[in-house]
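Each of the two complexes below includes subunit A, the first together with subunit B, the second together with subunit C.
And then the complex of A and B:
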């Protein structure tokens, strides 16, 4: 993740973003993510990484080849330690209701670097 | 009437946000996380795009993002990042 972030910063998108030449409004970033790998943070401690096939004005989204991560914290009844459990599962194609979305971040560089 | 507030007190929320555009900002969202990065753009829903963003949960750095889109309904506040 971190390398993806810094790599993207050095690449073409970021410098131009600040100047406002590419992005007139926030949804433009989501449009740039179309058919790209995205990281999506959802309510209820859920994350999704997959390819963004489509979205609408509510940010309802269709994500393909997605991996969902659900995090849950449990408290050990004897030691009272907090245990963070993560469960993952693959979803070949999934519709995500927009109102559950907290953030989207493109993973452009990661897909390029892994090749 | 009784007082003439300075220009900084009379500005509207939109003017305030315009001043932060392109600058380091802090955005707090519903779930308690805080995002620090350059504020690239925003709209009337308070959907926000930031770049070079760091995610803090409970004051702890959790993640970095190149570019990030935050859905406006989750936003609690937006402000200029305190100088380091």
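And then the complex of A and C:
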């Protein structure tokens, strides 16, 4: 309980530092991304760009109108050069399991970020 | 839990489950549990030539939730506005549950 109390104190001072905004925790940043275009980096050299429609505490998420980019590297047999191939595809509405997620970022700087 | 409820509303719809080994299974959603294990009926493996061992897969199967990478949902069956509102509600409820013990 003691540790929980001090952790919350830390959170509240953090809130004061950010001008009393709700931007105290990483999950708050994700909340601000709701209904915004987001860039999501996933395991397996995958990236998604799409509109975030929902997420939960595991960072499972639902992304709409997404474009997925899969990158694969191949080594040329003769020159030993690395060739990076990218494949793109459209995903109209997709549920993404959170355990494959590496990072999520808003695609554009939000005008109301200090809300 | 939250997404289990979403999948619950999609029971009976045709969804495509993409696994972490790139296997894609298309089928009618039969049921979901809180671990997001999904049961599919009338399953079709979309690239049978890549997974010949699964040619026998026909009627139904259960996919372990942790093996799932994507679930492709039918866009016309999901109310994204409702989903966003529910997400906001759940997010603030989760946060409140974490903060509340402090006040006591």
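What we mean here is this: the second predicted complex is superposed on the first by the 88 of 115 C-alpha atoms of A that agree within 3 Å, B and C clash if a C-alpha of one lies under 4 Å from a C-alpha of the other, contacts with A are read in each partner's own complex, and residues count from 1 in each chain.
FYI, a contact is a pair of C-beta atoms (placed from the backbone, for glycine too) under 8 Å apart; a residue touches a chain by one contact, two chains touch by 3 or more.
Because the structure is a prediction, the values reported are computed rather than measured.
When the shared chain is aligned, subunit B and subunit C each come close enough to touch A:99.
By the document's definition of touching, both partners, subunit B and subunit C, reach A:27.
In the superposition on chain A, A:55 makes contact with subunit C only, while subunit B stays out of contact range.
Residues 1, 4-5, 8, 25, 27, 99 of subunit A are contacted both by subunit B in one complex and by subunit C in the other.
Listing the residues of subunit C that touch subunit A in their complex gives 1-3, 6-7, 20, 36, 65-66, 68-75, 78, 80, 83-84, 86-88, 90-91, 94-95, 99, 101-102.
Residues 1, 4-5, 8, 11, 25, 27, 31, 34-35, 42, 44, 53-57, 60, 62, 64, 91-97, 99-100 of subunit A touch subunit C in their complex.
On subunit B, the positions that touch subunit A within their shared complex are 22, 29-31, 33, 35, 38, 40-43, 47-49, 51-53, 63-71, 73-74. Touching subunit B in their complex are the following residues of subunit A: 1-2, 4-9, 13-14, 17-18, 20, 23-30, 39, 43, 59, 98-99, 101-106, 108-109.
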